[in-house]
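Consider the two complexes below, in which chain A is the common component and chain B and chain C are the respective partners.
Take a look at the complex of A and B:
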C-alpha cells in the first residue's frame, strides 16, 4: 500500500512540477494543484498506512487498539480545505487575467514591472504619470 | 491554562468576522475595526505583562496531555512579536482612516486586514508545527485578497506572482511538516525537537533543512525573495506598510523559533549555510534598492536587506545572536512600517512615488523632512536611534563568535543603506521640484501624521533608552531552548 502511495506521489510531483514550470498561466495553477495533491498523499503516508479499522476506542478500553492513525487524516482534511480555497481564488484570478490581458503567457505579465525603457537608469522621463497633481 | 495565550489570536479573528458581517454598513464596520484594533493592542500589552511577570503562558486545547493536543504557548519572543504586530496594525489602520491615500475604499478591506493580523498573531502564539502552517495560510489568503481588491491589472498581475511563489513555499512547508511527522511521530515543537536528537544526523539535516527553506520563502531570503518586489508596490500605502512591517517577519520568526528554540542545536552545516544566505540577502536587497527610483520599490528591497541582518543574527546563534535577532526584528518592524507610511505622505504631497518626478519637499514641508529623517537614519544605524543598537548587537555577536567576514558584511551593507537613504533625501527633499511653479498639496492629514509620529516616537524611545529592550531580549534568549 505504501508503495502504491509512493508511486502516486511521484506521479503527482512530476506532473505538477512540469506544469508549474510552464509559461501558460492555467497550467501553472493546475501544476500547483497537483503538487498540493502530492503533498496530501505524503501526509497520508507519513502516518503509516496499515489497518483500515476506524479510530474509535472500544467500550471499556482506555487505549486505541489496532486502528488507522487518525492524525494524518485530520491534517489532510485541513490541507484539502485550505488548498481548495486557494485554488478557487487562483482560477478566478487567472480567468480574470486572461480576459484583461488576452494573453496566457506568464512572461507577458508585465503590468506590475517597471516599463522596459528603464532597462538602464534613464534621465527624467516624459511625465506621462500624474497622480493628483494640481497645476 | 491561561487565557492570555488565546486572546491575542482570538480578537482579530472575531473582529474580522464581525467586520465581514457588517460589510454593507461602512460606519459600523469602521467602528468595529477600530475597537478590534485597540482591543488587540490592550490584550497584547496584557499578554506581555503576564509573560514578564511569570513565565510563558500556554493553553492546550481540549485539555489533551502534552504532546497530543494543539498547544498555544506565548513566551517572551512571541509576546514581543504580538505587541509589535498590534502596534503596526493600529498605526496602519489609523493611517488608512486619514484619507492620505487616494485608493478607493472596499468593504472587504477591513475584514481582510484583521484576517492578516489574525494569521500573523496566531503564528506567533502556536507551539504546534501543523497549526503554524494553518496560520501561515490564514495570513496568505487574507493577503491575496488585499492584493486583488483594487482590481487594477497591475494588482492582479502582482497577485498572481505572489500567489504562485508563495503557494510553492507553503506546499514545501506542508511537505516538510509531513516528513517531520513521518520521522518523529510528533507535531509539537518541543516533542519534535527532542525526537530529532535521536535521529541520524543526515535525516535531521534534510528534514530541518526542508523546513528552513520553506520558512526562508516566507521571509523573502535570497534567492527566494522574487515575489516581494514583484507585488508589494501595487498596494495602497497603508496596506503596503502593513505587509512590509509584518508578513516577512513571520518567516523570520519561524526561522528563529527553529534555530534558536525548538529544534536547537540545528545541524552545523545548516547554520553556516543560513549565515551565507543572510549575507547574500543583505547585499542583494541593498543593491536592488540602489537600482530603483520608485519609493515603494526601494523600500520593498530594503525589507529584503533587513531580513538578511536578522537571519545573520540567527545564524550567529547563542544568547547574543538570538537576543540581537529579536531586537533587530522589533526595530525593523517599527522603522520600516513608518518609512512606508511617510513615503505615502511624500507622494501625497509631491504628486508621485517616482523620485525623478518629485523634489523640493525640504523647503515646502520641513516637518515631513524631519519625520522622514528619523526612521531613515534608524534604518542606516545612526546613533542614538534604534537601528544603531540593533546593528551594534549583531556586530558584537558576530565578532564574539569569530565571524569577521560576516561582521564586515554588516558594516558594508550599512554603507549601502546609507547611500540609498541619501538618494531618497537628495532626490525627494533637496533637489528642486522638476515642475516649475510647483506647489505642494494643501491637504494635511492629522491622523496619518499621528500614526507616523507614534511609530517615530517608538524608534526614538528604543534608541534613547535601549537598556529596557536589551534586558528584555536577553531574558528572552535565556528562556529559549538554545541556551542551557
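Take a look at the complex of A and C:
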C-alpha cells in the first residue's frame, strides 16, 4: 500500500469536499470533480497495486501472467467517462442557474423556500453582496 | 328512530347476554377454543373463558343491555342515534373479544379497537371543541399506553416463546425474573394503568364525561376502564409472586384511590364527581389485585360486580337529572324527589350500595375487602388510604342521592321545569339497582360466579369458597365496628362538603400545577413548537449547509461502523519508485491549489493537475487504457472550464466573497478524508481474493479471443454493463439538452484569422481521428478500445470548436449532429448483440468469423458503437458548454 497513493487520495477527498462546501457554484462543481478523482484513486488502491505490468496477455500466451489487476481498471474507465458526463451536466445546471438568478452564490438559490412570511421558516439573514461588479 | 329499530338494536346485547348465560350454565369452566391464524409468528385466534372472563362477560352484556335500552330513550330524536348504537355494538363486540382472548396479540387488537371506539364515542358531539379535546386526550393517553403494552407483550412473547396467555401465566411463577421480563411486566402495567385511569394517567377519565350519559355509564364506569384491572388480574397468577408487581400495584392503587376521592371534592358537576369516584374505585381494585392472600381475589371480583351494579345506575340518574332539569350542577339542584320520585328511588338504592350500608351488595363487597385486608400484613398507609376512600365514597353517595333529592335547595330554587323521565330511562337503572339490593340480601346467588372468578385469579390453591355473609347472618357488633369509622367520617365530609370544597380549592390548585394533566398539556403545546424549531435548524435552505450535513452524517456513519468493530488496518509503506511518487505529488499539488488559491484560474489549473497526475499514476500502475482515457477527458474538461470562466467574466455576474479559510469546512473535509482513508486501509487489510482476476486472466484469450483483458472485460464479459453505460451517457445529454435549449448562443465571431492554427487545425483533426480509429481497431489485443477512441474523437471535435466555432465543429461531425451520432452508436451496440439471439445463444454473446488473417466479429461492431456514443454525447456536452452565453440576466418566470 503506497503511502504516496494514500496521501494523494486523502488530498483529493479533502480538497474536493472543501470546495464542495463553498458558496461559489463553480467551486462546488469543481469540488465534485475532485471527489470523483479521489474515488478513482480509491478504486485503484482497493484493487491492490502490485505489478506495474499492463494487464495484457503476452503474444503467444493463453493466460495473464504477473500483471496489474484488470478488474478495477474496467471500473475506473467507466467511472472516468460517466464522471465526465456528470460534471458536464452539473456545468449545464450551473449555467442555467446563473442565467436565472444572475448570481454565483449558492445562498441566492432560494426559489424553493417558502415565502418569508412563514413563521416556521424565517428567511436567512442577509448575505454579504459584492457591491463592485467586475467590469 | 322507530321503536322496531330500537328494539332490534337492544336485542343485540340481550341476545349476547342470553348466549353467555346459556354457555356458562351448560358448560364447565374453563372453556377454550382456537384456530391458527399466523403460524409463522405463532399467533392464533384462541379464546378462553374462565371465571374472571365469565364475570366480565356478564357485566358487559348485562350492563350493555341496560345501556342500549337507556340510550333508546336518552337519545330519542337525536340525529346521531343510529351512529351511537352502531358504535356501541362494535364496542361491545370488541370488549367480548378482549376478555375472552387467550392470545396476547388478539387481546392487544381488541384493546386498541376499544381505544379507538372510545375516542369516537367520547367525541360523539364532535361539533363541540371540548368534546374533541377530551376525545383526543383519551386517545393519546390510552393509545400511548397501548403501545407500551404492545412492547411489553412482544418482549413477553419472545422471552417465553409463546403468545398464549394461559401458557405464559402458567410458566411465569417458575421463571427467573430477568431484566427483559421485568421490563415487559412494567410495560404491561403501564398499559393497564392508562386504560384504568391510574395515577399518573388518571386525568383523562373525568374529561371523557363529555360523552353522552349512556356512553359514560357503559365505557367509563362499567366496562372499558375495568379492562385494565382485568389485564392485571389475568397476569396476577403469573407475576403475583414478584415483589415489584405487588409493590407497584399497591402503591399506585392506593395513591389513585385517595387522590381521586380528594379531587371529587373539587367538582360541582354531578357527572364529574361520579367520574372521580370511579377513578378512586379503580385504584382500590388495582390495589386489591396487588394484595397477596386468599381473600384478595374474591375481593376483586366482588368489588368489580358491586361497582358496576351501583355506578351505572348512578350515571343513569345523572343523565335523568340532566334530561329532567337541564343541569347537572349540584348547586342548582335540590329537593328533586317530588318532581322525580322514581329517579330518587334508584338513586337511594344505588347510593346505599355505594356507601356500603347493610342490605346492599356494596356492603357485602366491603365485607370481603375488609377480610382480605385483615388477612395480610399491610402498611398502615395503605389501610389509611382505603379508609379515606371508603369515607369519601359515603360522602359522594350522599351527595348523589340525598343532597340532590332531599335537601332543601341552597342557592336558587328547584328548577321549575323539573319533570320525571320516560320509562325507558327508568327501567334499566331500576333493574340494576334492584339486582344490587337482591344480591345484598341474598348474596348466595353471586357466590358461584365470584368463586369461579377468584379461582381464575389464584389458581393452584384450593378453590376459595367465597363466603358471603347474607343478611340473616349479620352480626350487629361486627357491622358497627367495620362501618363505624367510615360512616362517621363520611357523614362529616358530606355535612361539610361545601366548606371543604372552598378550603381545598387553592392548595389543590397549586398542587395541580405539577400534576400529570398539566404535563400532558405542556407536552401537547410544546410538540408543534419543537417541530418548528427543528425544521428551522435542519431545513434552512442553504446548500452548503445541506452538503455539510450529508458529508458529516456519512463520516459519522463510517467512523461509527469502524469504531464498533475496531478492525485491523493495513499500514501504508513508502514506495520509492519515481513514477508513482511524482504522479502523486502532482495530484496533491493540484488538489491543494484548487482548494486554497483564490484565483478562479487556479481552479482550472488544479483540476488539470489532478487529472494529469492521475493519468500519469495510471501509466505507472500498469493501467494504459485508463490512462489514455483520463488524459483525453482531462484535456476536454480543462478546455470546458476555461470556456466557462470566460463566459462568467463576460456575464458580469454578482460574485461571491468568501474567506479563504473556512475552519468548519476545513475540519469536516479533513475528517471526511481521514474516514475514507481509514475505510480503505481496513478494506485492504483483508486478504485479497484474486479468484475473479485469475478467471478473467485465464479466460480472456480462449473464450473472448482478446489479449487486452481490460477491454475484453468491458466489451465482452461485461458488455451489457457497457451498453447501459453508453445509453446513460446519451440520456444525460438529452436531459441537459432540455435546459440548453433555453440558453442563447454567442453570436459567431468575426473572421479573425489565426494563421498558424487555421493551417494546422485540419491536419491535427485528421490525425487525432486517425489515432482514434487505430485505438478502436487494435483495442482488443493492445491498449485502446472504444472508450479511448471515442474520447480522442471528442478531443478532435473540441479542437475544431475552439478554432472555428461550435457550428463548424458540429457540421464536421458525421451525421451533422452529435445527438444523432450518439443514438447511432447506442443502436450499433444493441445490434452487435442480436446475431447471438438469431443463433439461439444469450443476448450479446459475441460471434467470431475468420476471414483470412483478420477475424471479424461483433466485438468490433460493439466497440464502434461505444466510440460513436461517447463521441456524440460527450462531444455534444463540450460543444454546448464551450459557447454558452450566460448573461446579461433574463428575468424568467421562476416557479
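One rule holds in what follows: the second predicted complex is superposed on the first by the 109 of 135 C-alpha atoms of A that agree within 3 Å, B and C clash if a C-alpha of one lies under 4 Å from a C-alpha of the other, contacts with A are read in each partner's own complex, and residues count from 1 in each chain.
In the analysis below, contacts are C-beta pairs under 8 Å (C-beta built on N, C-alpha and C of every residue); 3 or more make two chains touch, one makes a residue touch a chain.
All of these numbers come straight from a predicted model, not from anything done at the bench.
Once chain A of one complex is fitted onto chain A of the other, the partner contacts of A:19 are limited to chain C, with no touch recorded for chain B.
By the touch criterion defined above, A:45 reaches both chain B and chain C.
In the superposition on chain A, A:59 makes contact with chain C only, not with chain B. Contacts of A:86 after superposition: both chain B and chain C are touched.
The partner of chain A that touches more of its residues, comparing chain B with chain C, is C.
In the overlay built on the shared chain, the residue A:6 is in contact with chain C alone; chain B does not reach it. In the superposition on chain A, A:96 makes contact with both chain B and chain C.
In the superposition on the C-alpha atoms of chain A, the part of chain A touched by chain B in one complex and by chain C in the other spans residues 20, 28, 42, 45-46, 48, 71, 78, 82, 85-86, 89, 93, 96, 100-101, 109-113, 121, 124, 129-130, 133-134. Chain A makes touch with chain C in their complex at residues 1-24, 26-28, 30, 33-34, 37-38, 40-42, 44-46, 48-49, 51-59, 61-64, 67-71, 73-74, 76-78, 80-89, 91-93, 95-96, 98-113, 119-122, 124, 128-130, 133-135.
Per the touch definition, chain A reaches chain B in the complex via residues 20, 25, 28-29, 32, 35-36, 39, 42-43, 45-48, 71-72, 75, 78-79, 82, 85-86, 89-90, 93-94, 96-97, 100-101, 109-114, 118, 121, 123-125, 127, 129-134. Within the complex formed with chain A, the chain B residues making contact are 102, 130, 134, 137, 140-141, 144-145, 148, 153-161, 163-164, 167-168, 171, 174-175, 177-179, 181-182, 187, 230-231, 233-234, 291-294, 297, 347-348, 351-354, 356-357, 434-435, 439, 441.
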